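Chain nomenclature is as follows: A, B, C, D and E, assigned in order of appearance, with residue numbering initiated at 1 for each chain independently.
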Amino acid sequence: MTGRQESHDEHGRHRTWAAVALVAGMAVLLLLAVTDLPREAAPLPTVAREAMTSALPAWGSTEPVSVVVYGSRGFDTFGETFLLLAAVASVLLLTRRRERRAGFQGEEVAATRERSEQDPHPTSGRNEREARAAEREEEREDSDGPDASWSVPPRLPGLTVVVQGAARVLAPALAVAGLYLFAFGSSPGGGFPAGGVALGVLLLLYAAFGRHLVRQVTSAAGVEVVELAGAAVIVLIAVVGLVAEGSLTANWLPLTRPGGFRSGGILQPFSGAELVEVGTGLVLVTFALLDLRHDWADDTPEGPGREQ
Amino acid sequence: MTGLMGTAALLELLVVGVLVVRLAAGPTVSDRIVALNAISTQITLSLVCLAIWADRSLYLDVGLWLGSFSYLGTLLWARFLERGLL
Amino acid sequence: MRTVVAALLVLVGLWFSLSGAVGVLRMPDVYSRVQSGTKAITMGALPVLLASAVATGVTSYNTSRAVLIGLLIAITNPAASHALVRAAYRAGIPQWSGAVRDDGHRHEPDRSR
Amino acid sequence: MSLFWLLDYVCLALLLACAFLVVVLRNLSGAVMALSATGGLLTFVFVLLGAPDDAHAEAVVGAVALPTLYLVALGKIRTDVEDAGDIGEVDAHPADPGSGS
Amino acid sequence: MIVGNYLAAAALFLLGLFTVLSRRNLVKIVMGLSLMESSTYLLLISMAYRSGSTAPVLLSPPSGSTEQSLARGNVADPVLQNFCLTAIVIGVAVTAVFLSVVVRVAQHQRSTDSDQVRGMRG
């Protein structure tokens, strides 16, 4: 054991030296590149100047960053949203549970068809159906129940009453403040941080009260539908802009007095869709990782992490 | 007045320097969590002072978020510490 | 006048913050470090927030935010420290060798809650 | 040097110190905490340089999202890796004799 | 003076690169990637700064200026800040993908040591 450790250390030292050499080379490159960047005395680029001066008259919003994110560079944000969607899809794919492939796929359907061909008028259907329902229920509880894994300390539903009290005060306040962050796009904020706040509220409830409280809200099947609905709203906004104004992410909503909820035209609905997208994406990713189980049982036939 | 608040922001940041030593040295995870929580509080305070120094009340909102999220972070850490997984 | 009051409040807050940080650095074990990490740091926060309210006038936008931040810190810091100490005790982190009492075991039946 | 740059450089120094901790701490939980502290200090730099939007996003990410993801991953890994010397609650090389568990 | 920020961003990037290259623990490698992401954010925001500028938000302007004067005045670059916002969100998503890969690798190989994982290849 120690010999192996030493050889590893030897190897590690080589690796460190190689890393130092590479990092030193990179440092020289970066030093040359970084000292050549524009400094703080340079004038603002034309694009930035244009974004600053057109935010108030053309978009009716007092927040140029939101104008750039959802307005002038809306198409980029659109693409970035779908990058997020792709990341969420890959995490869900990586963390999915093993499908039950014990039998032949579609066995049940075929059996039912065959049975109905042989016996078109089943009489003992009721009992059998109840039994099957009970079995399914049991199966579901089995797979969804508390983690009966080894080496895991006993799971309590939540933390203590003090923490729960503080969470009761804080969770609604955080939720309202998150909505404010999205709704008043005239102040810094918008869909991205508000989506993060949505994750924060759910995590606060999860940490203080336990999984059962948020199980309904964070089930992948439901949240995915909401996420795709958010993506659909973004596409809809863009397509309506294309049809009505002739370009994607053109403003087709009436402008109102800046500073209010409806100021900024399409910025607000776009921001709301981003909120849904980012919030559900982060929630899906986090809770998918949280629900991830062991399911490659093949390489440890009698290992304790084996499922079923 | 404004110089006062800027100096206060700087001094609060210097307090963070003391806490980073505990973050580096803390023999157990709990020590580090204590240091991390205190660091978040100090940065929040520093942001409050900075907002007044820079004369933008918008910056106060960031301090508000940082303060509330530091609680959430500590809670998650405590949960992790208590049961070995989140 | 206002500047002097704000300066004094900031000084008080900084003193408490610094002593809290030094306490976190120098105390012998986790449980005592939490003491200074909660009480002194919270006490260091409140005067500075008060100073920020005083500096810009009590009716300004800053005051409402400062009050909000103060309330938040006053509620959450103790709760967080409570959760932390409980978790540390359960995780079996030992007390300082000079500690004279350990009342925690009396509450151990709570574990089955 | 004006107060602004003093604030900036002090914060950057702390940021680099925390980033260095991320690299050198053997205890993975400690490294995650240093990463979280890096996020907080980065939030301060963002506000200082006049980017409150990014500061909002970074505050959420640095204080909640990243630690959560890392903690979940550490919790999952801990039950699987046998030589998990540096995932545990105490440093692999106990420096303080009063802290071994 | 802002060049100090650029140098700090470069140093942060190099620290992340060093972690990725020299550490064997896969979780540490992901942390190095997070540090490199952070350095990108820092560089973008530093490049957005102009001397004496304030935030490019027209709400509640500093005393002595109006919304219009602020729009033409000395502000930080909003376009680069927007890039940074995008980068932050993508960074979290990418970190989540990396971490789920690492957890799967750890479950499969019973190790997070990159040497051992590579040794068991094929």
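By definition in this document, a residue touches a chain if its C-beta (ideal position, glycine included) is under 8 Å from a C-beta of that chain, and two chains touch if they have at least 3 such contacts.
Computed from a prediction, not measured in an experiment: that's the story for all the values here.
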{"item": "For subunit D, the least number of touch steps when starting out from subunit B", "value": "1"}
{"item": "Pair with more cross-chain C-beta pairs in contact, given D-E and A-D", "value": "D-E"}
{"item": "Centroid spacing, where centroids are CA-atom means, of subunit B and subunit C in whole angstrom", "value": "11"}
{"item": "Inter-chain centre distance, subunit A versus subunit C - centres from mean C-alpha coordinates, in Å", "value": "33"}
{"item": "Whole-Å gap between the CA centroids of subunit B and subunit E", "value": "20"}
{"item": "Contacts with 2+ other chains: residues of subunit C", "value": "61, 72, 76, 79-80, 83, 86, 91, 93"}
{"item": "Sites on subunit D at which at least two other chains make contact", "value": "52-53, 55-57, 59-61, 64-65, 68-69, 72-74, 76, 79-80, 89, 98-99, 101"}
{"item": "Residue list for subunit A, restricted to those that touch at least two other chains", "value": "63, 65, 152, 156, 159, 163, 166, 170, 187-189, 192-193, 197, 200, 203, 282, 285-286, 289-290, 292, 294, 305"}
{"item": "Subunit B-facing residues of subunit C, complex", "value": "2-3, 6-7, 10, 13-14, 17-18, 20-22, 24-25, 30, 33-34, 37, 41-42, 44-45, 48-49, 51-52, 55-56, 60-62, 65-66, 68-69, 72-73, 76-77, 79-81, 83-88, 90-91, 93"}
{"item": "Subunit A residues touching subunit B - in the complex, by the definition given at the top", "value": "152-153, 155-156, 159, 163, 166-167, 170, 173-174, 177, 187-189, 193, 197, 200, 203-204, 207-208, 290"}
{"item": "Subunit A partner contacts - residues on subunit D that touch it in the complex", "value": "52-53, 55-57, 59-61, 64-65, 68-69, 72-73, 76, 79-80"}
{"item": "Residues of subunit D that touch subunit B when the two form their complex", "value": "3-4, 6-7, 10-11, 14, 17-18, 21, 25, 27, 29-30, 33-34, 36-37, 40-41, 43-44, 47-48, 52, 55-56, 59-60, 63-64, 67-68, 71-72, 74-76, 78-79, 89-91, 94-96, 98-99, 101"}
{"item": "Contact set on subunit E toward subunit D in their complex", "value": "1, 4-5, 8, 11-12, 15-16, 18-19, 23, 25, 27-28, 30-32, 34-35, 38, 41-42, 45-46, 48-49, 53-57, 75-76, 81, 84-85, 88-89, 91-92, 95-96, 99-100, 102-103, 106-107, 110-113"}
